[in-house]
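Consider the two complexes below, in which chain A is the common component and chain B and chain C are the respective partners.
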Partner chain A sequence: MEAIMRLGRTFVPPWLERWTEKHSSPLVVFLVALFLAVFLYGIVTTDNFLNLFNLKTIIRDAALVGIMGIGLTFVTLSGNFFLLSMKETAALCIIAFAMGMSNGWGFELSLLATMGVAVGAGVLQGLLIGLGGNPIVVTLGAAGVFIGIASWWSDNLVVSFRRPNDAEWLGTGSFLGLPNITIAFILIAVLAEVVLRYTRFGRQVYLIGANRAAGKATGHENLPMAIKVCTIASVCSGFVAVAFAAQISSAQANYFSSEFGSSGDMTILVIATVMVGGNSIMGGYGSTLRTSLGAVFIAVIDNMMVLRGFNSGPRVLAVGLMIVFSIIVFSLAQKGSRAQE
Partner chain B sequence: MLASSPLFQRLKSKIVDEPDLTFAVLLAAMVYLYFAVTNELFLTHNTTFAIMERFAVLGLVALALTLCIIAGEIDLSIGSNAALSAVIIVRLTDSLGAFSALAVGVFISTLIGVIQGYFIAYLRVRAIVLTVGTLMLLRGVALFAAEEKTVMLTDFRVTDFIQTKMLVYFSPASLLVVAMFVLVGIFMRFTKYGREIYAIGGARKEALAAGINLKRPMIIVFAISGFCAGLGGAIIGLRSGTAQALGLQFLLLTGTVAAFIGGVSILGGKGGVVGAAIGTLTVNFLNTGLVFNVTPAFKVQLYLGVLLLIVIMFQTGSRLFDAQQRRWAVLQAVDLRKVALLEKKQRILDRQVPT
Partner chain C sequence: MEVPPTAEPILSLSGISRSFGAIQALSDVRFEVRPGEIMGLVGENGAGKSTLVKIVGGFDDGYTGTYEFSGSSVRFHSPGAAELAGIAIAQQELSLIPAMTVAENIFLAGHNVRTIATKRTLAGQARRYLDEVGLSDIDPSSRVDRLSVGEQHLVEVARLIAHDPKVLILDEPTAALGESDSLRIIDMVKRLAKAGKSIIYVSHRLDEIFKITDRITVLRDGQSQPPRQAKELDVNSLVEMMLGRKLENMFPDRKAGERRRPLMSVRNLWPDGALEPVDFDVFGGEILGLAGQLGSGTGEILAAIAGAHKTRSGTVEFAGESFLPKNPRAAIRRKIGYCSDDRKYDGLFLGRPIRENLVSPALETVSRFGWIAGNAERKKAREIAEKFTVDVSRLRAEAGVLSGGNQQKVALGKWLAISPKVILVNEPTRGVDVGAKAEIYRKMRDLADDGAAIIFASTDMQEITYLPDRVITYYRGMQIGEFDLASISTAGILKQITDPFDETNL
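On to the complex of A and B.
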C-alpha cells in the first residue's frame, strides 16, 4: 500500500496532493481512484455512449428523480435526515392531478389543486417532525397514510384523461431541442442553488442543519424550518407527479412504487441522489448542485449498464453499491471531524 | 381482601411502573374485544391459529426492530434482507433439502446483519444512513439471485409440515418463534450483553465513557436483526412456496407499528421483548379482524399509518409534557427556597431595626 502511494505521488500534481492530504485518508483516495478507473473504462468501451443524443437521454432520465432529490436536499441540509414518503406523496399528487384533469378542470386549476395537496402533505409531516417526532418514523407512517388515501381515492384503478389536453406541453413538448422536463430540472436546480446560497432562508437552513443548538439559541427554531423544508420537498414531489402524469396522460397510485426506472423504488432512488452527491446526511454541509450531479451520475451509470445489456438485478445492485460506497468514502473522509456527532 | 393480597399489590406496582406496557395491553384487549363482539367467527380456535400463524412472521420482524430501536437505531433493510433469504431458501430447497437450505439462507442473513453492525460501529454513521443503502443493495442481490423471476418450490412437503397444527393453536413455525422470543427476552434482561444494548440506546455518550465498546452491542443487535429477518423470510417463502425479490417491503411499516405499540421510544433505551409480543398481537388482531370484514389491503395500510402517527404523536406529546412538568417543578423548588430565604432576610432585618 505504501509503495503504491509513493509510486502514485510521482505522477500527481502538487495541488492535488495538498488537497488529498487536507481532505482524506489514503484509503479514500485509493477507492475514488479505483472507481474513476472503472468509470472511464466504461465510458470508453461502451458503444453508442458518447454522442449527443445519448447525453440528452441521460439528462432527461435524471430530471424527474433529480427534481425530487433537490426538494429532499433541503430537508437533509436542515438536519432532518430524509423523508421516506417521497414516492407516496407523489402518488397522492398524481391521483389528485389526474382526477382534476379527467373531471375537465383544465391544466391550471388541476395544477393548483395538486400543489394544494402537496403543501398539505408537507405541512402535516413538517409539523409532526418539528414538534419532536423522528423524521424516519413519522414519514414511514405518513407514507402508509398517503398511499392508502391515493389507492382509496382512485379505487386502485388507472385514472386516464383524453389525449389532446392542455397538460401535454409539459410532458412531451420541447424547447430549443431540449424536452421541457429537462428545462424544468435545470431551472429548478439553478433556483434552488440561488435560494440556498444568497437568501436569508437558505443560510438559516444551513445554520439549523449544522448546529441545532446554536440555531435555537439565535432564535431559529426547528419547527417552522421543518414545516418549510418538508413543504418544499412535497411540492417538488407534486411537480414530478404532474410532469409524469402529463407525459403519459394517466395515473395510478402505484406508478412510483413498482416499475419506475430500474430500481423499483423511487424514494430510495431519490435518497440515493442526495447521498451519492456527497451531502452530509447529518445536515449543514452540501448543496443542491451536488444532488443534481448525483442524479446525473446515477443516470449515467444506469444508462451505461442498459447499453451493455444488463438486467434489472445488476442495475439495482449498482445503485445500492453507489450508495454504500459514497457513505463509506464520505464518512472515512470526515472521520474525526465534528460532522460525526 | 383482594386489594391487600400480595399478588394484587405486585400487579398494581407493575401497572404504575410501566405505563407503556399497560397501554399496550389495554389497546390489544380493546381491539380483540371489538372484533370478538362484532364478528362471531373471530372468537374461534381456527382464527386464533391464523393469528398465531401471522405472529410467526410479524413477531420476528417486530422483535428485530424493537431491539434496534432499543439500541437507538433503526434497521430499514429488514424487508430486503427477508426477501433475499426467502429467495435463497426457496431456490436451494430442491437441490439441498429444506433443512440445509434454511441453514444457508439464515446464515447469510445473519452474516449481512453482522457486517452492517460492524460498519455502523466502525464508521460511526447512523444506522438509517447505512441501511438505506443496504436496502437497495440487498434488493439488487435478491433480484440477481432470483434471476428477476418469481422463484417457486416444486416439492410442497415442507410447506405442509410447517403448517401442521400442534397444541390446538400452534404450528412448528410459530412454536419456533415463541421460543425465539423467550430466548431473546432472557438475553436482554439477564445478560451483560443485553444490558449493554439498553445502555448504548438510552445514553450512548455515557455508555461509551463508561468503557463499553460500541462494536460489540451493535454487532449483536444487527446480527439478531439479520437472523430474525432471515428466519421471517424463510417462513414466508416456505409457507407460500414462492418468493419474489421485490416483495416483503410491507414488513418495515407493520413491524415498526408493532414495535411502537409495544412501548419502545425513538430515543432508545426503553421497551422490551414482552412489549414487542403484545404490539405484534395488537397489529395481528387488527389485521385479521379487518380481513374478516373484507377490507382491501390499501385500507389496512392506511389504518396502520394512522395508528403509527397517533402513537408517535402520543409519545412526542408526553415527552413535551414531561419536560414542561420538570421545568415547572424546578421553578416551584426555586420559589420554595426563595420564600425561606426571604423570611430569613426579614428576620435579620427585624432584628437589625431596633438597634
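On to the complex of A and C.
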C-alpha cells in the first residue's frame, strides 16, 4: 500500500500534490491518473474515434442516459439513495406516450399526459420514502407495479404510431447541426446545476443529504424533499421515454430493459452515471455536472469498445467495472479527507 | 493513597515526539507513573492527550523517544502487546457486547479462564473482579444492556482488571455519566490504586481531577510540563497551566434582573418518558439552567419545547400564542432555536462548509424568490462568525475540520441567523476544552444580554452552578425545586438532583 502511495507521488507534479493534500490521498490521484492514461491511449489508438461525426454520436448516446442520471442525482444527493425503478418508470411513460400518439392526441397532449404519469409515479415513491420507507424496497416494489401496468396495458406488444408525426422533431430533429436531444441534455444539465447551486431548494438537497437529522433540526424536513426529488427523477425518466419514442415512433414495455445502450439495462446504466461522476451514495456531496460528465465518460468508453469490435458482454462488464472502480476511488478519497482532520 | 515521592516509576516516557505530516502532535514529552499512583493527564483538545495515550497503550508505534516499563525499555507495536505486558486502556466508547452477560463480557478475551466453562463458573469467577470495581451488588449473569451506563463503564474496567494489568488508563471515564455514576467511578479508581495499580486518569472535568489524582501532568501544544502534586494546585492555576495564560473569568457576571412578565411560559408540558408534566416560566435576558442527572428528563424538556421530542400534552405560551411545536420547523418559525447534546448527530452538517452551516436554519432570510443571495449569505455568515469568534477565513472549509470547541460554537452560533428569542441548549460544552468553554459561556451571556431567553440543561455541576441566573432541578422525570441567583449552590442543587426525597434515611 505504502509502495503504491510512494509510486503515486513520483508521478504527481507538485501543484497537483498540493491540491490533493487538500482533497484526497495520493493513491486516489494515482488511480485516477492510471485510468485517464488508459483512456487517452484508447482515444489515440482507436480508428475513427476522433472525428466530428463520432463525437456527436457519443454526446447523443450520452444524452438519454445523462438526462435520467441528472434526475436521479437529485435523489442521491438528498440522501434518499437511488430509485431502482428508473427504467420501469420510463417503460410506463413510453407506453403512455405511444398510446396517446397512436390514438391521435398529438404531441403536446400526449406529452402532458405522460408527464402526469411521471409526476404520479414520483410523488407516490417520494411519499413512501419520505414517510420512512426503505428506498430500495419501495422503488423495487414500484418498479414491479410500473412494468406490470406497462406490459398489461400494451399487451407486451410494440405500440407504434404513424410517421410523419409531430413528435419527430424531438427524436430526430436537429438545430445548428446538433441533435435536438443533445441540446435538451445540455440545457437540462445547465438548469439542474444552476438549481442545485443557487436556489434554496438546491441548498436543502445538499443539507438534508449531508445530515438528515441536522436537516430536520434546522427546519428542513425530508418528506417534502423526498417527494420533490423523486418527482424530478421520474419526470426526467418520462422525458427520456418521450424522446426515445419520438426517435423510433414506437414503444414497447421492455425497451429500457433489453434494447437500450451498452448494458441493455437502463437503471444500471443510469446509476453508473451517478457513481462514475463521483457523487456520494450517502448524499450531501456531488453535483449534476459530475453526473453529466459521468454519462459522457461512459458513452466514450462504450463507443471506443464498439469501434474496436467488442460485443455486448465485455461492454456490460466495462460498465460494471466502472461502478466498482468509482466506489473504491470514492471511498478512498473520503478516507483521505477524513485523515486530514 | 500517599505514594512515596521517591518511588521508581513503573512507566516512564521521555523525549517522546510524534508528528503527523507537518503537524507536530507531541514534542519531547516526559510522562511517568509510579506504582499505586493516580496520575491525572489534562490539556485542551488538541494538546496531544489522545496521541500520548495511544502511544502508551500500543496503538501507535510511530514515535521517537524512549518508553520504559517495569524497568526495561519497550516499544509496543499493538494494543495486544501492551495489554500482555500489563497496560490496559478503558476507552471512552464502551466495547461491551450488550446481549451477553456481565460475566461473559468480563472473560471475553479468554484470559484466566478455562476453555470450556459453564455460565455458573464464569459468574463465580467474575464476582472477584466485580468486587474490585465496587459492583458487588450486581448479578454477574445479568445481561449487560440491563445495567446503567455507569455500571457498564465499571464492567468494562472489571474486564480489564481480569487481565491483572499493572497500569490502567481511563480516558474520560465520566464524560457521559451523571453525578452518582461518576462518584462510583471515582470510588473505584481510588480502590484500585489502593490495591497497588497505577492509574492514568484523563479528564476534562477539573473538579474530578482534584478529587482523585495524586499528581497531574499537563500537556499544552504537544509539550509536557513537569508533573505537579495535585495538592499544590487549584482550578485556576491548573487552567492557567493548560492555557498558558490566565483565564480571567471562566463564567461571565450574572445579574439578578428585575423581571416582570415572562417571555415564555411552559404549561403542563409532558414529554414522553417523563414521570409527570412540568411548568415553568422563562424571562427575556436571563439564562435558566435545568439541573438533573442523566435520566432526569431535562434534555427531553428542551427537545419537547423545540418540537424535536414526542409529548403527551402541554402548551408553550409565547409571543401571544399558545402552541406546541409539531416539529423543529414550527419552533424555528417562532424564533426558538435548539441545540441537542449531540452536535455530530443533529447539530452540524459536518461535510458542508461552515458558511452553509451558519445560515442553515434561516435560508429564507438570505434568499429571494427561492434564489440564494450569495452576498447576503456571506454577510450573514461572516457576522455570526465574528460574533462567535469562529475564524472568518475558514468559512469555506468543511465544519468537520474544526475542533470540538469550534464545532460547538458553529452549532450554537447558527441560531443567531434566525434572530432567536429563545435558545434551548442541551449540554452546551460537552467534549469542549476549557478555553472554548469560557467562550461559549460568554456567548450565551451575550445572547441573553441581547434580550433572548436562554434555557440550558447540564449535568456538569460547575456550569450549572456558575452560569445560570436561575436553576430548576429535576430528578427522574420530576420537577423538584428552584434556586434564584442568591440561593444557587452546588450542594443544594446536588442534593435535589441526586436524592431529593432523602431516600437513604428512610
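In this text, the second predicted complex is superposed on the first by the 321 of 341 C-alpha atoms of A that agree within 3 Å, B and C clash if a C-alpha of one lies under 4 Å from a C-alpha of the other, contacts with A are read in each partner's own complex, and residues count from 1 in each chain.
To be clear about the criterion, a contact is a pair of C-beta atoms (placed from the backbone, for glycine too) under 8 Å apart; a residue touches a chain by one contact, two chains touch by 3 or more.
Since the structure is predicted, the reported quantities are computational estimates derived from the model, not experimental observations.
Peer 1: Counting only touches as set out at the top, which of chain B and chain C does A:N134 meet: first, second, both, neither?
Peer 2: First partner only, chain B.
Peer 1: Which partner does A:G173 contact after superposing on A: first (chain B), second (chain C), both, neither?
Peer 2: In the superposition, A:G173 touches no partner, neither chain B nor chain C.
Peer 1: Of the two partners chain B and chain C, which one touches more residues belonging to chain A?
Peer 2: B
Peer 1: Is A:T218 touching anything from chain B or chain C once the two structures are fitted on A? First, second, both or neither.
Peer 2: second
Peer 1: Looking at A:G284 after the superposition, I want to know if it touches chain B, chain C, both of them or none. Which is it: first, second, both, neither?
Peer 2: After superposition on chain A, A:G284 lies in contact with chain C alone.
Peer 1: Using the superposition on chain A described above, determine whether A:G104 touches chain B (first), chain C (second), both, or neither.
Peer 2: It touches nothing on chain B or chain C.
Peer 1: Once the shared chain is lined up, is A:G120 touching chain B (first), chain C (second), both, or neither of them?
Peer 2: neither
Peer 1: By the touch definition at the top of the document, which applies to A:V319: first (chain B), second (chain C), both, or neither?
Peer 2: After superposition on chain A, A:V319 lies in contact with chain B alone.
Peer 1: Based on the A-chain superposition described above, do chain B and chain C contact any of the same residues on chain A, and if so which?
Peer 2: After superposing on chain A, chain A residues 340 contact both chain B and chain C.
Peer 1: Which of the residues in chain A come into contact with chain C in the complex?
Peer 2: Checking each residue of chain A against chain C gives 198-204, 206-207, 210-211, 213-221, 284-285, 338, 340-341.
Peer 1: Residue numbers of chain B touching chain A in their complex, please.
Peer 2: The contact residues of chain B facing chain A are 74, 76, 119, 123-126, 128-130, 132-141, 143-144, 146-148, 245-246, 249, 252-253, 256-257, 260, 266, 296, 298-299, 301-309, 312-313, 315-316, 319-320.
Peer 1: Help me check something: in the complex, which residues belonging to chain A touch chain B?
Peer 2: 81-82, 84, 128, 131-134, 136-138, 140-149, 151-152, 156, 253, 258, 263-265, 268, 271-272, 275, 281-282, 311-321, 323-324, 327-328, 331-332, 335, 340
Peer 1: Give every residue of chain C touching chain A within the complex, in rising order.
Peer 2: It comes out as residues 308, 327-329, 332-333, 338, 340, 345-352, 356, 360-361, 363-364, 367, 370-372, 374, 400-401, 414.
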